[in-house]
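Note that subunit A is present in both complexes that follow, paired respectively with subunit B and with subunit C.
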Partner chain A sequence: MPKSEQGAVRRALSRFALPAAALAVAALLVTFPIWSTPWESSRYATGILRDMLILAILALSLDLLVGSAGMPSLGHAAYFGAGAYAAAIAGQRLGNDDLLLGLGAAILVSALLALVIGTVAVRAAGIFFLMLTLAFAQMVFAIAFQAADITGGSNGLVVFLLVLLLAWRLRSSAYGRALVGLRENERRMRALGYDTTRLKLSAFVVAGAIAGVGGALQAYSIRFVSPNDVGVARSVEAFVSVLIGGVSTLLGPVVGAVVVLFIERVMPSYIAFSETVLGLVFIVFVLAARRGIVGLVRESYARVRA
Partner chain B sequence: MIETRELRREFGGIKALAGVTLKVAEGERRAIIGPNGAGKTTLFNVLTGELEPTAGEVRLAGEDVTGRRPHELARRGVARMYQRNELFDPLPARDNVAIGVAAAAGPYRPFRAPPASELLAAEELLERVGLAGRGSVPARALSHGERRQLELAVALARRPRVLLLDEPTAGMSPAETNRITDLIASLDRSLTLVVVEHDMDVVFRLAERISVLHEGRVIAEGTPAEVRGDTLVNEVYLGKVVA
Partner chain C sequence: MTPETAVVQALNGISFGALLFILAAGLSLIFGMMDVVNLAHGAFYMLGAYITLTVVQRTGQFWLALVLAPLLIGALGLVIEPLLLRRLRGRHLDQVLLTIGVSLVIADLVGLTWGREIRSIPFPAGLDHAITILGGDYPVYRLFVIAFGGLLAVVLAVVHRRTRVGALIRAGVDDAPMLAALGVDIDRLFATTFAVGAALAGLAGVIAAPVFGIYPGMDVDYLIYSLVVVVVGGLGTLSGAVAGSALIGPADTFGKVLVPQFALALIFAVMALVLLLRPTGLLGRIRIAR
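So, the complex of A and B:
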């Protein structure tokens, strides 16, 4: 094949590879009820898939902070939990279990909470930012209370795909590029006239609002909200998802969420010590594969092409 | 264009700036020279808003901008080429400049891809600083000389009115030094330049006026010829370099 033609094929491949992969995953998810019939009996599998989508949304929103903007938040479950409570309480008080109403309430409350906490937190950097976000999340956890049975159905997949689309648009926009600039060199960003404090706060609020969407879905599909949805374990789960899947790789947080919940929820039926497995996987990725699963796949793909 | 009045800055008990008064006219090309520790970098940090002065005043085009934050000064037209490049290392050279070009329109455009005009303007700037065809190379993969050229392009990206150049030729080979000096000399005459530089050949090529900073004070100021003839300057600084 002539060189120019090869180049064209490569360009076409790299141009369509990502949308094609996304389509394939979406198709797999949509047809889930069909190919999952072998284990459908207990509806356990459906529950796991739903939880994967919810964790994926939380991880996607966290990656906007950790990956794009370089702000490692360890309290991201606070906004998830706030969204869950907001959706639940709004549904209960208004006697209306419309998903859109719940999502609206969740986005509003989570964004507001992120605005309040972010105003303080974004003034710190690095490890101090991490500790501050953790401390605030613990405060939210402490005031969280049990909200009993909430009714409602959901269409989590549609919401998940919308969040994925939003994350993809954000990444390729001028806004996403500015966040990367923030991560790579804050001093230069300031010297170019970017108000970096405000930019960070905006990312914090957007990520909080999207986490709230995940929380609303949780409230609707599980019909139960507990303080654990706000707790540090949830924050860590999201963080580990982002790291294992691949920081700043768009699909990484989704892949990570699937892997984490697979290890946490599916593997225990087959082997003992699955918690240890998660820890080991995490350590391996932190030490050996900083770009996570998606990063590894992309690197080997690039090597094959070269 | 940019001036300071009795500018002071102390760190603990040390007076980095002990009352600096400077007045650089619009379109002027001013060099600031002085031995290490004279306060040159502290002065730049105050002029860009990265440090607040302990006392004194900074004025930009007549407006008192003392204590303004860096992004506010950048928006008013102050840009800086840092001594140690401040680049977005993993990003292609083109994007490094494009982020600067896009700064004027602001970052809050979350849904659409950056307009092609921004990338075009970035490519033009790259060409302007001699980096044509290098746009897709990550900043970290460029040579030291090229990184300095890119740093200059990024500093110019927002179309500043005042450009502060902090040792533009630091660490460069003689050939690279020549190239960047030519480049700076060829910049638009309406741009006000303030350059801190140790290489006296570069200083004499670029500057219309020179201010000599010593122990946080301006001890002499004048045309290159006047400064060359100043005995005090020769004692504290030039004596060691030119001899």
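So, the complex of A and C:
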């Protein structure tokens, strides 16, 4: 094969290898409840997989803030929880458990909440932004003291794939690039004529709305919403997912969500101190591998090719 | 609300504020010097309360815990700063993220060691009675908390203004790199600052243990309280910690009495309002919001 052709094949491979692998994994996941039935703990594993998808949606929406716009929100569960409650309560009150209705209610309420909190929070940057988002999320948690349950079911995977597609499209859009500009040099963006405060607020609202979608899925698939879905622990889970998986890498938050829930849900069957492990893993990544798992894989892949 | 309950609740509010001051002073000190918001502050506080539980159960000596717990937690801070934070010096956000990991580890180890249920200890001997205020009984221990917080504020203020250590702290808060250039051992200064801040959190945990509860999740609750206090009062200054706790302690206490379901919402409303009107917090020098 001539050299140029070899290059073309390689390019084609690298261009399609990742989407193809993602599709294959997705196909395996969709059919998981079917092909895993002979397996004794099929239902348990299906539950964990479903929770991974839900956390992945939350993490993907958070990465829009943390990764793209450089806004480290430590209170992202507030919008997730608001979405979960909105979906559950809308379902209860209207006596209608249509997923689309729940999703609509969730997006609306989460976006509104993000708009209110964001109005104050985006005025702060960096560490202060992190403090404010954390504190305001705790306020939402305090109000969401009552639990709600709901009947109904959903196909989380379809929604997850839609969110992934949306995150991918957002990254390559003009809007997504403006957010990256915000992260890289806010002052210059302002000089270029962008209203950076409004841009940040809009990112906050979009991320909040997508988190709400995750919350609605949680409400529909677990059929129960509790204040824990709004709490700091959930926010930290999402944040750790984004960082371990890889900030601003598209698939990073998904990989991170899988790793985090593996540590939190599978490991406790074997060891008692799984949260400690999670904390230590997180510390190691912050100290030594700030680009996360996906970043590490990409780096080593690039090294192998070179 | 009758005048009697108003007075009692005011005292409750002030004693809670005094506790919040001890907690927030440590957080503010670390931030002022190192530009790091220590998100493990609540975990140090929790550790202080649980160490007190063990000391009181084993020896019955609350006062021993008051000395021992801050020392142990200060020593822990003395290990964590050089081992972890120093590697990321200058990367403030990453340092903050690191403290999330530290907090996860400590909270989990506390749960494994002491169990995950609500615990309590009696008031220490000598402070376990009540006095009569306006015809009602009021626990002396809460008055002790007020006195202790007030005394600590005075001591810290004197150290801050009149001693060599205080001069170093003030200089470090102003311009740490310049201080390093002048030949001060900044590594030692930062490690000590982090240790003292951690010890203050532990001390707050000890003081809180007999009256404000020992329970899983207290780390997060009190981390949030201390964040709110320093945001409201102003980051990095001692007077800011005083002002913030003097406002938030009573606001939270009265909120819990008047609008039980929305007490936390109330203090966050206060925080949002302060930030909108004074972006530096009441007495701070650093702009938190634009």
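In this section, the second predicted complex is superposed on the first by the 291 of 306 C-alpha atoms of A that agree within 3 Å, B and C clash if a C-alpha of one lies under 4 Å from a C-alpha of the other, contacts with A are read in each partner's own complex, and residues count from 1 in each chain.
Assume contacts are C-beta pairs under 8 Å (C-beta built on N, C-alpha and C of every residue); 3 or more make two chains touch, one makes a residue touch a chain.
Treat the numbers as computed from the prediction; the structure is a model and nothing was measured.
The superposed arrangement places subunit B and subunit C next to each other on subunit A without a clash.
In the superposed model, A:Ser172 lies in contact with subunit B only, and not with subunit C.
By the touch criterion defined above, A:Tyr194 reaches subunit B but does not reach subunit C.
Within the superposed three-chain model, A:Ala302 lies out of touch with both subunit B and subunit C [touch as defined at top]. A simple residue count on subunit A separates subunit B from subunit C, and the partner touching more is C.
Judged by the touch definition given at the top, the superposed model places A:Ser202 against subunit B, while subunit C stays out of reach.
After the chain A superposition, the centres of subunit B and subunit C are separated by 80° when viewed from the C-alpha centre of subunit A, nearest 10.
Of the two partner chains, neither subunit B nor subunit C is touched by A:Leu162.
In the superposition on chain A, contact of A:Leu280 is made with subunit C only, not with subunit B. Contacts of A:Asn185 after superposition on the shared chain: subunit B is touched, whereas subunit C is not. Subunit B and subunit C never share a C-alpha pair closer than 13 Å once the two structures are laid over each other.
Of all residues in subunit C, only 35-37, 84, 87-88, 92-94, 96-98, 100-105, 107-109, 111-112, 220, 224, 227-228, 231, 261-265, 268, 271-272, 275-276, 279, 288-290 touch subunit A in the complex they form.
Subunit A contributes residues 169-170, 172-181, 184-185, 187-196, 199, 202, 206 to its touches with subunit B in the complex. On subunit B, the positions that touch subunit A within their shared complex are 48, 50, 69-71, 74-75, 79-80, 82, 86-91, 95, 98-100, 102-105, 107-114, 118, 154, 157-158. The part of subunit A that touches subunit C in the complex is made up of residues 72, 74, 120, 123-128, 130-132, 134-136, 138-139, 142-143, 145, 197, 231-233, 236, 239-240, 243, 272-276, 278-280, 282-283, 286-287, 290.
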